[in-house]
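Both complexes shown next keep subunit A, but they swap its partner, so subunit B is in the first and subunit C is in the second.
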Partner chain A sequence: MSVLPAQGRCAFASLHPAVSFAFFAGVLLLCMVLAHPLLQIEAFCLAALCYVSFRGRAAWRFVGGLAVLLAVVALVSPLFNAQGETVLFRWWAGRPYTLEALALGASTGLMLAAMMLWFASYHLVMTSDAFTFLFARALPGLSTVLVMVLRLVPTYRRRIEKLAMARAGIGQGPSEGATLAARVRSAGTVLSALSADALEGAIVTADSMVARGYGLPGRTHFALFRWERRDSVVLMVMAGLLTAAVVALVLGDTAVRYFPAIVVPPVGADVLVGAFCYGAFLLLPTAINLGGRLAWRCSLSSM
Partner chain B sequence: MPELTFGPDLGGAPEPKGRPGRAKTLATVLGALVLTPLTVALGMEVPGNGYYLSGTLIVLYALVPFFVSFEGRRPQAREIAVVAVLAALAVVARAAFVWVPHFKPMAAIIMIAGLAAGPQVGFLVGSTAALASNFIFGQGPWTPWQMLAFGLVGLVAGLLADARVFPRANLTWPRRIALAGTGFVLIVGLAGPLLDTSTFFYLSTAPTLELAAAVYLAGLPVNAAHGAAVAATLLLVANPLLDQLNRLRVKYGLLDRRR
Partner chain C sequence: MALFAFEHVTFRYPGAARAALCGVDLAVEPGQFVLMCGPSGCGKTTLLRHFKPTLAPHGAREGRILFEGEPLEEVPVREQVARVGFVMQDPDAQLVTDSVWHELAFVLESLGCDQRTMRLRVAEMASYFGIQHWFHRSVDTLSGGQKQLLNLASVMVARPEVLVLDEPTAQLDPLAASDFLAAVHKINRELGTTVIMSEHRLEEAYALADRVVVMDAGRIVIDGAPRVVAEELFRSESPIKAALPVPVRVCATVEGSRAAASASQATASASPKGNGQADAFASETPAAVGRLPLTVREGRAWLAAEVAAHPPTRRALPDDGAADAPPAPMAVELEDVWLRYERDGADVLKGTTLAVPEGSLFAVVGGNGTGKSTMLRALCGIARSYRGKITVLGHRLRDWKRTDLFHGGVALLPQDPQSLMAKKTVRDDLEEMLAHRGLSADQRAAALAEVVTAAEIEPLLNAHPFDLSGGELQRAALAKVLLSKPRLLLLDEPTKGLDAAFKERLASILRQLAARGATVLMVSHDVEFCASYADACALFFDGGIVATDDPRPFFASNSFYTTAASRMSRGLFDNAITAEDVVSLCLS
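And now, the complex of A and B:
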């Protein structure tokens, strides 16, 4: 589950879910499509910055782990790709390990790491209540299912612990040095005990829902989210930056070729403008978070 | 008082209400069929990781018809609750096996749901269980792929029950072993490779045969362990759980699809 950090630090998470969902959809799409190294490095750095602005110091471990992943993907990918003309060395049975494949691997790794970072921020912002709120109108039945599942899972987990403890108490649990088969069998017993109770509970829950008027027309539901003026402003800024970035990058030449030799087109003014707008777009959540934190600090000192 | 003993009318949507739902479902299926080749063509044109992008879009097109058809049926509270409980059981099953390392029994519960309630509910339980477990363990580029993979496992189990390969409850020993074998095959042959394909796609800015071979071969032992866990779970809990679901069918008239 999402662990939202201290008050004020995550101002971006307090925006309307439609805005934050649109932001992440746009970011992930562009992240996958833009393959120019300049843009990829930009996206990775800003993604890390954004995640750090959400999590603070706790974020660095994850970012470090992703740097390792990036290095592994880059170093390993030439093993599976022998194209390219600059041979660095030859390994197993004279297979070439080429600079071009290494560069492409680095590009793939950067893209993957940036995507993971954006997904990590997404996970913090798009909590289950925000997600189900967004899809409640289009998919009312399914979002009810999702809400119920997310509520039942912790309950069932606690119940499993209780069942296992009770079985251990009457000497039926797996002993210390029990074999794998015995452990699996014991867990199966716990699981079927849980399911018997859970399925009966499903009927009770459903009847209770119906008794309280589930599915009747004209019912409204409570939601924490309201569309405010700042949501319109952020959405407009987002759309403007995104359009500018896409137009500039489509006009400019960003097609990088890796094989047989690396060809990076010269960075023209249009690509620079595109990269600037893209960067500003990616910086939005970080800026909003920092602004929120600043406002929080100021409010504290004036009290 | 029959109204009280049987509860509110939960026998499914009446005919005229079902029509627009069906039309919508057909529209989404047609849309998916039209959009898929377009997306493949687009993926070839786009720079960067077009493979992952178009692959994921196609996965989403495959999910939409199931969701729209579920909504089109106007699911009643009892159906929603049973789907939710089955999906939650699938997600939480792992916690019961906490003492067995790397044991993933989720697909077994999904298959049992499919066997008892048919392909559509099987798919729903699978995909919502995958989505919900990602809300708990972390979303990633794999989320839609997991939803499709586990949904398909439930769907296939439901189709097997519809084809009367497996009965809906009271499996004999040979049938239970056959079911466990089916579970293993479904994981190693369908769900596992589908998840490996997503790994392959997000590693493949320039896919090569060697990379594909490496990804699928590296996935094989993981999938085999996963499949074995599913098979063991099916052997153990298929009969008790199917009996419990059968009880729901007999006592409450739920999950009762006229064949």
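And now, the complex of A and C:
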């Protein structure tokens, strides 16, 4: 699932899953709540930086794509939202295209793009191994089901390809020029063969599970991940920055109003401190990744 | 005290007419490597499943099964799980989780081991089986052989004292199968784990076992050391003897016919007592049993001694070159065909060039992942080549209309015959091929009857495809393919999972087809099968054909990638590539 290029670049991914999960949970929550343009721009830039620190050059295409998405969301939003008093121009049947709606669109687009970037990084770090490890203890039954489903999806996909190819090899596949009905019938045959096959396989899997003692009381969970001192340190730093950011931003005024006119509250010292802590928090994975690379370089040069 | 003792165990499936196991008495001592063999349906699987009560089939059982002197049912489940490991046939369906490490830890999780123990045991097992390189991989990226090795390792991680394996190599190719057997042998030899394994492919497993149990119709018919059992199988003319390793077969046949010859001489010249032959055989037996070679190495030593003791008149078989045969038209021609599946992927076919004459049984041999199956797919247009010329049955492949190509033209029997069967009964599956063709009911019945006879599947018509054995399934799928009356039949690993008897039947069906003018092109790992039955062989390597020749010169000139008979007789005989060849030269 994970496509991390090299372990060296991704020191953050080698942290304990609980730490990385806590980070992403915090980030996504704050991203959704904080609507101040300063904080949003900050979040988007740092999200892009974080993703780049994971993927390297391969990340730029995705970041570029999101910039386009951002622009589209911003530009399109006034078409559906005619509120606001600063009319830039009028279009179809005299509908106003307003600056306020444009600004709101940009804000929405920024949030969307930032969230997508964070999710992309999340996806790289939280592999299925990490995820099931985290939830195995809380939901033992569910985590086994999850692990089995994760295994069955690729199995069935491969199986369908195999069945379809086998049928094509005897001229029973959907040939070119076949009618829709024939195609549907052919797909139906493949699916029914797959379900018979799946049931048969399920019996073997069940046998294999019982033979290996599934269902005995007192099941434990193998932990692929170990809690290191580093994890405690990162977790504490994270908690500290997060608390500071939340306290400062709650004290300061970050509520932006767009309609009828844009009102951005003046940026006071508290908001500045909050933004700084927030930024430092968001910068953590990037810093850890860069630190990891630096550590590698130093250790290499000292050899 | 025996580790496992079966005392007069009789077992009957609910509603079955006859018992699946009849009065089975079997005592397995600690550390033994027991090989169970017998024709399919003889009750091997039923017996093996009784070693593990959680897997034992439902039905009526009589008799006792003792584990270390205690009735097996009374052993707590937790102890059974830990002490008796069970590996089944299907490498894929046995896997429960999505990643290798989790699969290894699964049984330990069930047993409730603590973190430290699990870490150590998993690490130990991964290192022992060489799994550490793919420890973090997802299971669906593994090959069949790796999956089965993982299944073995994830059972061994509980440190069982008994390992029960039910045809574990049936779905593996020969190379993966021999790796797997080597791992099982290592476990038995290095850890002293008791192994009870059923197999139908005896060539390799036979020499590893120190006890062989032969079953037939739910009974144990022979039980003893491999050499003794082999001797007994030959004496009783059992059909299983065809599955024995080549050196055993050669030696037993040669010594048997020498004994028969000397006995008939004795009867003719000396006493007309009538039981002379049996006497002579009996007196020959102890010597033969001691010398019966199980491996190629022993076979070479035996053959050298045999040739010195009874110098044969001929040392070489003629190199039956087909120079005098008139050049037949080609059914298949590939010229510099290049193919890859993804735009940026690696080339799978790299300038493949091949010509297959009409009416021949042509075999392409070669290792895994070299592109053999892809070549077959390219031939019927399922995979598209991007360069080169493919001619099938006289026309360029791209000029064929799909419907014409697969109707009376080409048919591909895939590696897994199961994937062709999509209906509830074999009959429905066969009829599917005849639907939408505008045939009358009589024509359909006639076409059906013809293939049913050819593939010998009359008794299987109303069975569900999933209930068939490997060999039966292969024949049913073959019948389905034959319904399109192909002039070019493409077979992908047709002998995978088949026992010796089924292979012979398959070969005779293919021969009949070729005799009627159809061309059979098969890709296979099974060099023994190709050497015995093919008209021509080609070696496939690295996306192309390296060499093509008649089987005799082809296998006689190879010294690694060749048949056991050729390896056994190298330097002593020339051009002997099958057990029959070696026997005929020995007796000449």
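One rule holds for everything that comes next: the second predicted complex is superposed on the first by the 292 of 303 C-alpha atoms of A that agree within 3 Å, B and C clash if a C-alpha of one lies under 4 Å from a C-alpha of the other, contacts with A are read in each partner's own complex, and residues count from 1 in each chain.
In this section, a contact is a pair of C-beta atoms (placed from the backbone, for glycine too) under 8 Å apart; a residue touches a chain by one contact, two chains touch by 3 or more.
A quick note: this is a predicted structure, and the numbers were derived from the prediction, not measured.
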- Message: In the overlaid three-chain picture, which partner chain does A:Gly213 touch, first (subunit B) or second (subunit C), both, or neither?
- Response: second
- Message: According to the stated criteria, A:Asp129 is in contact with first (subunit B), second (subunit C), both, or neither; which is it?
- Response: second
- Message: After superposing on the shared chain, does subunit C or subunit B touch more subunit A residues?
- Response: B
- Query: A:Val72 contacts which: subunit B (first), subunit C (second), both, neither?
  - Reply: neither
- What is the contact status of A:Thr205 with respect to subunit B (first) and subunit C (second): first, second, both, or neither? both
- Message: Tell me the contact category for A:Leu272 with respect to subunit B and subunit C: first, second, both or neither.
- Response: neither
- Message: Per the contact definition in the header, classify A:Ala223: touching subunit B only (first), subunit C only (second), both, or neither.
- Response: second
- Check whether A:Arg167 is in contact with subunit B, with subunit C, with both or with neither, and answer first, second, both or neither. second
- Query: Which partner does A:Val33 reach: the first (subunit B), the second (subunit C), both, or neither?
  - Reply: first
- subunit B and subunit C footprints on subunit A, overlapping residues: 1, 128, 148, 150, 189-190, 192, 196, 201-202, 205, 207, 209-210, 214-215
- Query: Which residues, counting only subunit B, touch subunit A once they are in their complex?
  - Reply: 7-8, 46-50, 52-53, 67, 70-71, 74-78, 80-85, 87-89, 91-93, 95-100, 103, 105, 124, 128-129, 131-132, 135-136, 138-141, 202-206, 208, 210-211, 214, 232-233, 236-237, 240-241, 244-245, 247-248, 252, 254
- Within the complex, which stretch of subunit C touches subunit A? 52, 54-55, 77-78, 81-82, 85-86, 88, 90, 92-99, 101-102, 105-115, 118-119, 122, 136, 138-140, 151, 154-155, 158, 377, 380, 382, 402-403, 405-407, 411-414, 416, 418-423, 432-433, 466, 480-481, 484, 490
- Message: Quick check: in the complex, which residue numbers of subunit A touch subunit B?
- Response: 1, 29, 32-35, 73, 77, 79-83, 104, 107-108, 111-112, 115-116, 119-120, 122-123, 126, 128, 131, 139-142, 144-146, 148-150, 152-153, 156-157, 160-161, 164, 174, 180, 183-185, 187-192, 194-196, 198-199, 201-203, 205-207, 209-210, 214-215, 254-256, 258-259
- What does subunit A use to touch subunit C in their complex? 1, 128-129, 132, 147-148, 150-151, 154-155, 158, 162-163, 165-172, 175-176, 189-190, 192-193, 196-197, 200-202, 204-205, 207-224
